[in-house]
Amino acid sequence: MCRWLGYSGDPIRPEELLYQPARSLIEQSKSHAPDVAIANGDGYGLGWYGTGERPGLFRSASPAWGDRNLREISAQLRSPLFLAHVRAATGTPVQQTNCHPFRHDDWMFVHNGFIDGFDRVRRELVLAVDPALFLGIEGSTDSELMFHLALTFGLAQDPLGGLERMAGFVEAVGRRAGVAHPLQMTVGVSDGVRLYAARYASGPEANTLFVSSSVRDVRLLYPENERFQHFSDEARVVVSEPLVDLPGLWREIPPGTAVVVQPGDDLEVPFRPQAP
Amino acid sequence: MCRWLGYSGDPIRPEELLYQPARSLIEQSKSHAPDVAIANGDGYGLGWYGTGERPGLFRSASPAWGDRNLREISAQLRSPLFLAHVRAATGTPVQQTNCHPFRHDDWMFVHNGFIDGFDRVRRELVLAVDPALFLGIEGSTDSELMFHLALTFGLAQDPLGGLERMAGFVEAVGRRAGVAHPLQMTVGVSDGVRLYAARYASGPEANTLFVSSSVRDVRLLYPENERFQHFSDEARVVVSEPLVDLPGLWREIPPGTAVVVQPGDDLEVPFRPQAP
Amino acid sequence: MCRWLGYSGDPIRPEELLYQPARSLIEQSKSHAPDVAIANGDGYGLGWYGTGERPGLFRSASPAWGDRNLREISAQLRSPLFLAHVRAATGTPVQQTNCHPFRHDDWMFVHNGFIDGFDRVRRELVLAVDPALFLGIEGSTDSELMFHLALTFGLAQDPLGGLERMAGFVEAVGRRAGVAHPLQMTVGVSDGVRLYAARYASGPEANTLFVSSSVRDVRLLYPENERFQHFSDEARVVVSEPLVDLPGLWREIPPGTAVVVQPGDDLEVPFRPQAP
Amino acid sequence: MCRWLGYSGDPIRPEELLYQPARSLIEQSKSHAPDVAIANGDGYGLGWYGTGERPGLFRSASPAWGDRNLREISAQLRSPLFLAHVRAATGTPVQQTNCHPFRHDDWMFVHNGFIDGFDRVRRELVLAVDPALFLGIEGSTDSELMFHLALTFGLAQDPLGGLERMAGFVEAVGRRAGVAHPLQMTVGVSDGVRLYAARYASGPEANTLFVSSSVRDVRLLYPENERFQHFSDEARVVVSEPLVDLPGLWREIPPGTAVVVQPGDDLEVPFRPQAP
C-alpha cells in the first residue's frame, strides 16, 4: 500500500499539504495510519504543473520523511495542480524509476494498490502495451504498467475510458491466470487541466479515497480556520487518507467511482471496468 | 530510538539473526515494536569480526528492510562476533557517517538512545574529545561523540570504566546546561574478543536491553527447536528488543547494569556513571 | 578540485547555464577540463534565490551528470541569482552535507580549492567558530568550515572583509602548523542581492576564476548569437572555468582579486588576507 | 563503455585487484584510460563465489571510487572466482538493478559494450526471452537482456554456444531494423567453476580484452615482484584494460575469440555468432 494526494486550485506551495497538516503526506510516509505500523518509506515523488513546457517531476528512492530536498522543493514551488506519492514497495525494487508519479508527455499518474498475482500476468500485460509506448516503461512496477496500458487504451483522448479499459484488461488477464481478485487501485491522473481520480477493486475491499468538500462549505463550518480562508473556492484535494480529522472536510469516494476535479462543477461518475 | 543487536559465539551467518526470527532486526527496522508505529528507517550498519586485519564495516543510509546488499552480505559472511544496528534519526542528517556501528581500530560501538539537549552541550562535548581522536569523528550524531568521549576516557584499557566516565561527563555537562535527564542509552561495544553492553538512563525510564539465556538451558526448554541445536553453548545475543517471543529465552538486563559476554563465564555488574 | 558557477541578472532557468553550453557545468562534472581526466562526480548542489522566504537549496551526493532531479529542477525554476557546484572530494566523505552551496540565513557559499594540511589544523579552526554558529556545521569539509569562519569574522556585515579575515586566519593557523601554502580558493558568496567572488591562493598557483563580459559588449561581438539577445544587460556569470570558447566572452579574474556583481556598476578590488 | 575484470585462482581478497594495481579497476572507474577523460561512475558491482549456497552479489549505483562499503567488502572477503564491473551508462537509468554482474542461479554475467540502436530492437529482444526467465529481468539495460537471451539459448548447458546464439540473434534483429553494426561486446560469464570470456563486435572495432599470462611465466619475467609469488600457478585475470603496465604480463584476446579459464589447461577458441 502507498499513499498519494492530488491538488487542484489556486497556486500553492506543495509543502502546505505535504508537511503542514496533522496527518500530512509526510506523516503518512512514517506510518500508513495512526494504527497501522507500516511505513511508506520506499521512495516518493512530486509531479507538478507550473511554468515549464511540461510538468516537473522530482522522485527519489529515499524515505520522504528525512529528505531535505523534498522539503526545499515543496517550499519553493508554487503550483495550481500537483500529485504527490509515498511508496511502500510490494516486491519490486526500491529505485527512482519505480517511484510515482509516472509521466508521459503532459500526463502524470499515481497509484495506490496492486495487481494481484502480478508475476503470473506481467509478461502478457507488457506485450499488450502499444509498441510505440513500450520504451517509456523505465521501471518494473505494476503501477507504471497500468499507466502504459491505460495510455494504450486511449487515456489521452478519453481519460476515464482509458482507465476503465485498462482495469477491464487487467482483470481479464488476471482471471484467465486464476487470480480471484486481480486489481486493487485508487489512481490519480492529470493532464494539467483536470484531475481524474478513481477508486476500484475487483474484490470486496477497496483502498480508501477521499475528496475535500467545497471550500465555501468548509469555510462556513470552520469560520475561524485561517487555512481555509486562503484556499480558492475551486480548490480540491484528493487523498488516499484524510490529512486532518475535521468533520465535514472530507467526503469518501465510494468504491467503483471516479471523480473529475475541473474548472466549474466537478463530476462524480461510476467507474466500470470494460473489455478493451 | 534505534534498535541494535550483538552476537558472540561460534561463527554464524548474520542473516540468522537479522532476517530469520519473527521479530528480527529487519522486522524491527519496519516498526519499533508490534504496537509502536515508528520505523527505524534512517540507515543501518553491520560491523563484524572475521578474517580481515580489522573488523569489517558495512553501513548505508537506506532503510534496512529493502536493502539487497545487506541481505547478500549477511548471507555470505560468517562471523563469531558482530554488531548490527537500525537507525531512527533524532535530528541529525540521514547519512552513512551517522550510521552505527562506529569503529576505531579494533573497537566498534552501537547506541540506542540520545543525549537530551544535545544542541546545548554539543560544542563542549566535542572540545573534550582527545585531540588525537578528534579527526576520527566523521558524522554529527550524539552517539559517535559518546564513543569518542569513552575512548578519550580510557575505553580501550578499561571498557566499562571508559563508558562510565563518558556517561558521568555527559551528565555533568548536561546538568550544568540545565538538562534534567541528560542521558538515555543502551550501548554495545566490542574489541573482537568480548562484547560489552550497558543499560543506563539519567531519568526513571531506561530503554530496554535483553541478553539471551544460556543456550544449554534454552535447549532444555525447547528440545525440538532446531535453531538452538545449532548454536554453541557459549553463544549469546544482546538485543534492544526480543527477536522472538519464547518464554525463558530472554533475560532483561536491569537499568544501571552492564554485562560482559566473553569466553568462559559472563559477567553482570552495576553501571555507575563516574566523574572522569 | 571542484567547479562552480554563479549567475546574477534577469531571471533565467538554471538549465541554460548548467546544461546547454558546450562546456556546461554538467560537462565539467564529467571532467575538470577537456584535457584533465578527473570527474567532479562526488555530488552537486544548486542554491537559488526566488520566491521563497529564504533561498532554496538542492543538493545530492550523486554525480550531477546522471541525475534526473537536477535536470528537472533546473528546467522548472526561474531565478535571478543562483550558485551551482559540482564536487570532487578531497578526503572527506561523499555525502549531502558535504555538498555546496552551504547556507546560513540568506547567505550561500561555494568553494573550489582546499585547506592544505587540513587534518593538522581542523580542530583549531573548529574551535574558532563562534559558538552560536557552531551547530550550523553539519558536514566535515574544509569549505563549510571556511564559510562559518567567514561568518564568525563578519561576513554578513562586511562580506569581502569577512572573507579576508577568514583567509588570514586560515593562513596563520596553517603556517603555525608548518604548512607552506595553507589556502587555495575561489569562493562565491551571495546574500541574494550581490554576488561576491574571490580568487586567492597562499602559494604561486591559484585556481582559475572568470567573469563574463558586459552582455552589451558581447552582443556587439556576436550579433547573431541568439543566446545573448535574451540575457539582460546586467547579467553576469562567474565561473571556475569558461562554459564556452568564445573569444572576448570571459575575462579572467587575476589572483588576489575579488569582484562584486551588483545592480549598477560591478566592482573589482584586491583580495588581501587579514589577521582577524 | 564500462570496465570489468574476472579472477579465477586460489582464494584472494578482491581488493588486491580492485584497489592495489596502478591501473586498478577503481582507477578505471575514475577514467576509462589515462588518456580518455570519461568516468565509469554510474555504479559498480562485485559478484563472488564463496562459502554461500549461491554466489554473493554486491551492487550500487554510486561511483566505485568513493564507496566505502566496496572497499570494506573487498578487503574482508576471500574468493577463488569473482567478477567486478564499473559502469558508464549509455542511456539507461543509473540504478542498482542496471549494475553488473547480473545473476541467475549460479551464473553471473558482466558486459562492456552495447547493442547499437537498442531502442529500435528492445521490444523484439524482450519478447524472445523465455517466458520462464522473463521475470528475472529487473533492470532496463541491453546487457541484462543479452544475459537473459543467452540463458534462453542454452547458456547453462553450453556456455559459449549460448553466447554465440545470443550474439547471432541480436545481430539478426538489429540488421532487420537497419542497424549496420548491432553488437559491441566483451562479456565475462561464470558458473563458479569456469570463467568464460568473449570479445566480439559486429563492426571493425572491438572493445579490448586481455588475459593475464601464466603465473609461472610471469614469475620468470619478474622474479623480484612479490605479488606474483603469492598467486597460484593457475591464477588468471581477464580484464577490459590492463591493470598494470608490465611487458609480458597481459595477452590481448583477439576479436572474435573466446577463452575459458578453468582447472587444468585453459582454452582459446573462435567466437562466431550463430542463428539460434
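When the chains are written out, they are named A, B, C and D in that same order, and each has its own residue count from 1.
Here is the rule we use: contacts are C-beta pairs under 8 Å (C-beta built on N, C-alpha and C of every residue); 3 or more make two chains touch, one makes a residue touch a chain.
Quick caveat, the model's predicted, so the values are computed rather than measured.
Colleague: Same or different: at the subunit A/subunit C interface, is the fraction of residue numbers used by both copies above or below half?
Modeller: Because over half of the interface numbers appear in both copies, subunit C and subunit A meet with the same residues.
Colleague: Please compute the angle of the rotation superposing subunit A on subunit B (C-alpha atoms), rounded to a multiple of 5 degrees.
Modeller: Nearest-5 rotation angle for the superposition: 180 degrees.
Colleague: How many angstrom between the C-alpha centroids of subunit D and subunit A?
Modeller: Averaging C-alpha atoms per chain gives centres 41 Å apart.
Colleague: Please set out, as single numbers or ranges, the residues of subunit D touching at least two other chains.
Modeller: 68, 93, 96
Colleague: Graph shape for the chains shown, where an edge means the two chains touch. Line, ring, star, complete, or other?
Modeller: It is complete, because no pair of chains fails to touch.
Colleague: So in the complex, which bits of subunit C are touching subunit B?
Modeller: 93, 95-97, 119, 122-123, 126-127, 131, 134-135, 138-140
Colleague: Applying the document's contact rule, which stretches of subunit B touch subunit A when the two form their complex?
Modeller: Per the touch definition, subunit B meets subunit A at residues 30-31, 34-39, 41-42, 61-63, 65-68, 89, 93-94.
Colleague: Along subunit A, where are the residues that touch subunit C in the complex?
Modeller: 13, 48, 50-52, 56-60, 68-69, 72-73, 75-78, 96
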